[in-house]
Every structure is written in C-alpha cells, then in structure tokens.
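Should a chain be cited, it is by its letter among A, B, C and D, assigned in written order, with residues numbered from 1 in that chain.
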C-alpha cells in the first residue's frame, strides 16, 4: 500500500475531467435528502424546547393524537437504551429525556398526513416544563454556583475541585517550559476568544424512513456516513444492523455536521409507530438551533522568542464549551495548536465545559481552527514587536521530517517548509500594500485520517467497469475515484461508472470525514483494480497456457512478459471481459481495509485586508492558499477544497457567530443574521497546490479537505491588526469590535 | 381545506394545480409537480437555492405563494437545458468544477442565466453582487464566478 | 387562511376592512411570507394587490413620479426617470435584499413593514415622499415620514392600505443619497443608515438640507442639519453634521450592532452621503 | 519492552509517568498491556484511543507490529469533519 516506488507517468491523474454526477447536478435531476418520496408518506415534525434548561415534568400528546390526520407521536420513551456514554449522549441529543438541555432541544415528534397538520399537532402537545437556571458561556459554566447540566458527565479522574460542568481534560506537550522561557528575549502572554460557528451547509438535514411491520426498515438521508447512521439508528431503535438499510442521498454540504444523527432515528421511530413512511426535513431555524455548531473558546497563550525569532517555549491554556454534552474536540484543538512548529518546550492544555447549547459536532478539522488561531495571532504580535518577517519566523521554527511534534509522534516527510517557501516566493507576498491595508500570514495543520473502507469493482462484458464505493460524494469524489480506477486499469475515464452504494451492498465504510475519501477510497480503489487485474492476468495465462506470473498488465492490456514477450497478441480489458463467462465467470476486484498512513497536511495562507478606519468595515482584497496535497488527483477539486475552506475560515474570522441572549435563547437562527460570506464579500481566492508525496499512498495522496479552514482565522486577524495598527484578540471581528479597538 | 385552482406555465408547459393558500410556489414545484431542482435551503429568501424566474424576473420561489403564479410564466433549473443540449452556463459550471456538493447549483444557474440575459457583459464585481443572494458554502465562489464570466464571454461570442 | 387577488382598489379595501381576523396586504411578500414562515404572523386573509392594474405603474406627475404600491425594486431600478430625479431613493430601494428579493420587494411594503432599519424609508422621507392611502373612508395622502409609528406599527387605519407613493419634483442644483452600514456587502439588515437630500444655491452653497437616519431609533429620525446651510460642505460642516447625527441617534444594543457603534457610524454615513448628494447635484465645492 | 508516551491528562493513571514500558509486539498488545497495568486508562481506551507508531496514526489496527525501538504514542481517538 505504500507509495509506488517506480516513478510513473500518469495519464489521467492530474487532469481535470468532468465529474460523472455533474449533469445530474446542473439539471436539477440529482436527488438530495428532501427530494425523495414514498407512497403513503407522512410528514414528521419535531417539538422543540422553548427554554434553555428545563425539567420535563410531563408530556401530554392526547390532543395532538386526537387531531385528524395525526398518525403517531414519539417521545424519549419510544427509543431503546443506547449502549455506552457516547451513544447515550447522541440519543439524548436527538430526543430530550428528563431535561431539555438547550433552546431547540427536541422534546417530542409527530407524524401526520400533511405538514400543515403536523405543525398544528405540535401546538397541541402539552409539555409541562419546570424551568431551571441556565448557563451558555464558558466563564459562567465553571463558576462554583453554576447550574450543573449532568452531574454524571463530569470528567472522570478529574482532580478535586474541578467544576462539575467540566467533561474533558486535555494536556499535551514536552520539554521544560520554565527553562525555555528563561532563554527568551521576549515573552508575550495574551488572552483570546472565539464564538461558536456553524458549518452552514446549504441543505438542511432531511430523511425518509420506512419501517415495515416485520421490523425491516429503509432509510434515505443526507449524511456524510450512512453506515454510521445505520449503526446509531439501529442502536437507538433496538434493531440489528441487517434490518436497517440506509441509502445516502446526494448531500448538500456537511463539513462534519452530517457525521452524526439528529432527525433520522426520530423518523424511524415515527415510521415504526405509524406503520407508514415518514419524511422529515429540518427548517433552517432548526438547523441552527438543534444541529451541531462548533465549540466557542477562550485561550491564554504564552510564547517566548529570541531576538532572532526562535521560539524557546510555548504554552497554551484552552477552554472550550461544546454544548450540553461531553466533547473531545478540546483534545484535537490542543494537539493542533503548536503542531506546525519544532519546539523544545511546549505545552497545550485545556478543558471542555458543558453549557445549555446544542451538542457540538465536527466542523472541518474540528478544534484545529480555534486551537491554532490564538497561537498564530500571538506569533504575529511577537514578529511585530521584534521587527521580524512573519514567514521567516515560521520558516525558522517550522516542523520538518524528524521533528517531535507538539502532540507526541515524530513527523515523517511533511510539506510545511516547502509550503512556507512557496508563500514567500509568491508575488502576493511581494506586492506593496496601500493605506489602511494589512497582510496577514498563518500556518495551519490537520492530521487527516484513513479508516475502514470497502470498494468493489465489476468488469462488465463490454469492457466498461462499475466501481462501487460507500462514501457519500460531497465534493467530486466519484470523479477522483473513477480517475484512479481508470489510471490503474488503463482504460478511459469515461468507461468507469462509480456509484455510492447503500449499506447492504458493500462492506462498512467510515464516513466522508477526516479528509479521508480521496486517500482511503482511492487506495482501496487502486487495490481493488489490482485485484481485478490479477484475475484478468490469470485468465489470460490460462488462455495462453503460460504461467500467470508471465503475464503483465500494461496500458489496459494483458501482455506476455519475460521469455514469452512478443509470443502472444496482447489482450485488452474489453477482450478479456467479453469472454469472461467462458474463462471462469464474472471478473470483479474488491478491497477492504482499515487504512492508516493518511499523512498529515499543512497549509499557509496570505490575506490582504483593508479596514475602513471610520466604520471598522473590512474588505478582503486578496487571498492566497498554499497547501500540500501530496498528489492532486483532480486538481480543480483540490483547489476547490482549498478555496472553500478558506472562505469558511474567513467567515469564521469576520462575522459568523452564535449569539445567545441572557435568557439563554439563540437570537440568530437564520442565514440573515448568521452571516456567512456571500459572493460579493470575497475576492478571487488563489490556490497554490504543492505536491510532497505521502509515502503511505500508492499515488502519494494526502487528504486536503480540512486543513484549509485552519489558517484563515489568524491570517485574517493578523491582516486586520496590521491594517489598524492595533491587535485584535477576539473573533468574529465584526465591525463594531474593530471600530472599538481602533478608537481604543 | 380551501384549495385554490391555479393555471400557469412552467418551463413552457401548461400546468394546473390545486394549492392551499399558504403554500409557496416552491412547495408546489417540489411536492406536486416533482420539480425538485429548486431546493429549500432556508425558506426565508436568504439563500437563493430555490431561485426561479417569474415572467423572466428572478425570485425566490419560497417567497412566492403558489396561488400567485396563476397566469404567469415560471422557469426552473429543469428548463435550462434544451433537451440533451446543456446551456453554456451548465457546461461552464461543469468544466470549471464550479460545484462541490451541488445543492446551490440549480439556484446559481437560474440566477446567472437571469444575469446574462439582462447584462450580457457583466464585470466580475457585478456578477458577484448579482449572485450575492445565492449562498454557496463549498466553493468560496471563486470557480462559480470564473464559470459565469467564461459563459458570458462565450455567449457574447456565439 | 384565505388568499384574495382583487382587481380594484375598492375591492381590496372591502376585503381588508371586512376581515374579522388578521388581514395583511401581499405586495412583494418578502416580509409577510417570511413572518408567516417563522410563525410571527398568522394572517386569516392575504390580499394580493398586484392584480390591481394601476398599482404596477410608475407615472410622471407634477414634475415628480407616482410609484404604484406593487412596483418591485427591480422595476423601479429599471425606470430611468425616477433614478435621475431621486437617485438616493432608488439606490435605497435597490439595497433591499438580494436580486431575488428585488424582483418582488416594494417601497410601500418596506414602509408598511415599519422596521426602523427599512432601507427605502429614510430616503423616501428625506425626499418628502407622500403615500396615497385608500381606505373605507376614501383616499388620503400622508407624508411617508408619518407612516411608521413604532417598530412594526404604522399610522394606517383598519382597512387602509397604500396604493402609491409620490416622489415630488425637485429644484435645480439638488440631489439626494442614501448610505447604510452592514457588516457584509449584501444580504444584511441596516445596522445604521442615513439619507440626505440637499439643495444648493447658484454659488454652490447649501440652501436646504434634510437628513433622515435609520436603524438608530424606534422609527426613522429627522436630524437638524442647519449646520450645512450656507456652507459648501466643508470639513467643519460635515463634522458638525456627523456630530448632530450621533447626538440625534437613540440606538439600542442588539445582535446586529452596539448602540455605541451605531451612534458613531451613523454620523460617518451622513457626511459621506452628503458629499455624494453634493456631487450628484452638480455642485463642486 | 516498548516505550509508550502517555498524553498529559492521562498521567494520573500512570502515577504521573509521561512514558511507560509495556511488553508488546503489536497494537493490540500495547493496548491490552496498558489496560492491564494501568486500570485508570481503561475508560479512555474503551471510549476510544489511537496509537501513533513511528509517526503514523493507527486508530484500530490490532496487528500492526511494534518493535522495541518503535516510537509509540497513545493518542485520543481521531475523528474529522
């Protein structure tokens, strides 16, 4: 599975063919979560808590059930007991048990013959709440008298005196901090703050569930991982995995937010109770209130530096709130905070605290943006204080092959230095700035994962090939998978059709997350192709009556090799396929793996920003992304990941935030006031792909999807700070905050 | 129920439907006419995923009542291609890889088509402002704008 | 809920006045349909006024223009005459929402929604626009500035609705401008806004000034802009204007911005809008 | 014996040791020995933990070999977005 050592000339890899699902997506034919119907289908709707924190004394659904057209009402008692704390948390987040833990927490659900009737029925469900004191901010949640959400979720093994809402403790690093700081010429310590953001996928969660009286069920839903959906739903409904078949619809964005379930088990429970298919779709308001935003954070960062720019010691104290349940994202934030640097003394520690907010979900490199932002912002401040170039300082301290990372392991070949050098040499970095303009620099890091993956591949009689994989295509992966299959088999890309199969059709696949698909599915596709090739060579060896090892595969043909070379006319894949039934039956290849060796990824971003000194309005003038892709299979979609991640990070830095009132209620549950960037907010985003091959993949692929959201927070913050000549230390940098700092 | 009988034209074809007074054009397009190309991303006119034209005028179909469409000409993403022949905009969106998840793409196409019909030679900034009501969370808009500008150039040349 | 699409003003008035429950006018629908979706209003009757022919017309009248209540922002923007006469009003209307919203939203609807942040309202008020109102007791005219009385409330009586808005003639050497502040470039509600309408004498000195602020109080606010009179809008006059605006503003802190920010920025907007109006009036300082 | 680096917040379970030694030839044996020798680690390992072996992160790969000179780091269970 390691990088093919022979230097190979790719024919298809690195080109930009059209994506196979493209025509469906430009003509409106592609079917997303809410686009499916079933005969006799009911509409499901969820009743949500109007309170931030309340004990549910009783739920009386009798009036709702009496309404004509209402077929079922479900509450927490309609679900099985989930196994393990994580699954219990996910289930409780889908449907409140004894307490509503946040504004918008699901309390009950109804299925009716129309959406109008379902909405009327929600109003008829009487919930008796005992309103409890609430807490939504980190500072308040750790106070001794703070309302405690779930006493049983306090961090296990936490030291005496740890506040009851603290669920996770984190601590990474090495070396002697005290000695390190003693070597510094300048030590700066600052505090930073970020707010919760949302993935902001344009497609709200939607599904269609159908369970028959025999207990077998089908579920259609938009998800990043339908196997994970199956496993969670089956657990919550007390079903075996084989009883539930999940089909992933086309997915309208996820960015991590569709790796967990919200409405899917509820739709199944309603369908079970009503005996009919049930369709559910969240409204946008529900998406904001009750899906999974990111943690908000507080950070205290202390870094020591020599006059020459060498970091002598670095210490981060991070505090995340991840909503009403435990969250391990603090670990990822702490691990990523200093990962870009080769440090002798480094420590990143922190905790997660529960608040009356929705349970956080992954968002593109979860934890990394808010772990890295304060570090990169403080490094910029040190550079200014010491009169040093911010790229030079990063190059001086950059992690490289053999560096003991800040989170423990030693790096293999990585591309950070090459990426920094590319940024330094780029014309963007060498273009002069005008008045009220600033240029920000930031590095970013993400681990990338592999994970369980299954791919199978059937060679059709006419020489075309059907590739079956199990990862929802969220950004063009059918194209990259098809390209890798075509490359390996030596047949035209157009002769491949790649489909994303349901959970019954192919082995388990981890979700489309962790930047894993091009890496893992690609790896499995290449290996499945090699499996099919091996079978084809064996068939041809029988035809030629020579040893299978004497048949080689080249350019889509079986050719005699070695001493037999030239003795037989090569046979094309199509020729072999046409006679498959005569030579032993259908030909297929498959590969199942838990892929490791994903290869970490680094990015460097440059942002030029102009600030209106009288209003604090910021304009992003120019933006360039430099990232190591290992090997870009379809460069246009690699660029797309880099540009899209940058845009999301810019939104995070500038205007996006969850705003809770003192009443604990979410105030901006809509796209109007949760301000994601619109087309006119952004400049062209230049994407510069570097290719430092990942030794763990046959073609050298590294995941690219997540890293690009990590650097923008600090790149934008550093640019704004340089433009106004004062330091910004809180996100989002909405104009009122910038103007306040300007007026100082 | 007090349903309203509506006679209208969708993508050039005569269409009749019965709708409830509060139902939106988006509801009827998707649920009755099974034209699911227009998506409900927000239901409040903030995302543009449900964009259609009404007598040539770009609107959010979530902010039009189905009852209002009577006697009008509705055009949706399903009507942009001419049979098997993709519109230049559709081709350019594909060529430039200007979609990732694709859920905003129908709205972008309807809006961009309306733009180029009104302004065949837009500047990049004009294109960005015209499309500001079409949220895309995947692409950062870069490739979308490139595709629209490229399509505009080709349409002017054609 | 009932939906009605009357063909005459009289029919519309009768429907609105005759509804015992909650009746709403449906023009562009970009506010009322959103409010229905969010469950903020639950009308028993929606009266669609777009089938009343005259209400879709823009007509020249007494040197100014009468704009039907069902004219959308896009239609108004395409009308050359109005944009020449009152560029500030047209730019304000065109700032409401996206291109899609422009295809539907109307000035009269923006006015009747009675949000203090409505973009067209300060500009119309600065222009001295007059709303024509039809109702059970016949037709009356009312200054646009007198329509909104509080957030979400208007001075319209039961059964009354606006049929048109009249933008009057304007003298030589005069023009207007509107600026708002939003954190993004589009798709936001004004955090603060200022409309400025100026007249100049033959020497290029300001002879009349109306400055109206939006989103910094429960309704639009009229600023005493005497500091501009007799000046060529020199820096001192503009700073005085900014100070007057900040002093007049009585904003609140909310999710869209702080009171402090709004007070500061509304003055900046006013002075910038004044310079734009001056340039448009053909006056060089 | 293989040296395993333990991340900071788990060191309460290893009497404060940042590095512990276990007798193991592969991933699974490392995890089993850690659980056996340091019962305080059981909850974390059950909830999810990865191992970085010579710089590569493995989430669930029982038979991945480890050698006496391998760099082995216990890490949280990796997820992504």
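Everything that follows uses one rule, which is that contacts are C-beta pairs under 8 Å (C-beta built on N, C-alpha and C of every residue); 3 or more make two chains touch, one makes a residue touch a chain.
Please read all numbers here as calculations on a predicted model, not as lab measurements.
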Most widely separated chain from subunit C, with each centre as the mean of CA atoms: D
Middle chain, criterion being Cα centroid separation: A
Centroid distance [mean C-alpha coordinates] between subunit D and subunit B, Å: 54
Whole-Å gap between the CA centroids of subunit A and subunit D: 25
Whole-Å separation of chain centres (CA-atom averages), subunit A against subunit B: 29
Contacts with 2+ other chains: residues of subunit B: 22, 43-44, 46, 129, 131-134
Where subunit C touches two or more other chains at once, by residue number: 38, 185-187
Multi-chain contact sites of subunit A, meaning residues that touch two or more partners: 199, 255, 671-672, 677-678, 680-681
Chain-to-chain touches, reported pairwise for every pair that qualifies: A-B, A-C, A-D, B-C
Residue ranges of subunit B in contact with subunit C within the complex: 2, 4, 21-22, 24, 43-46, 48, 51, 54, 57-60, 62-65, 67-68, 70, 111, 114-115, 129-134
Residues of subunit A touching subunit D in the complex: 84-86, 156-157, 159, 169-174, 199, 255-257, 259, 328, 331-332, 335, 347, 349, 362-366, 407-412, 446-451, 513-516, 594, 596-598, 696, 706
Subunit A partner contacts - residues on subunit B that touch it in the complex: 20, 22, 30, 34-44, 46-47, 49, 76-78, 80-81, 86, 90, 93-97, 99-106, 109, 124-125, 127-129, 131-146
Residue numbers on subunit D that touch subunit A, as the complex places them: 5, 7-9, 11-13, 18, 40, 43, 47-48, 52, 54-61, 64, 71, 73, 75-81
In the complex with subunit A, residue positions of subunit C that touch it: 38, 181, 183-189, 191, 255-258, 260-261, 264-265, 268
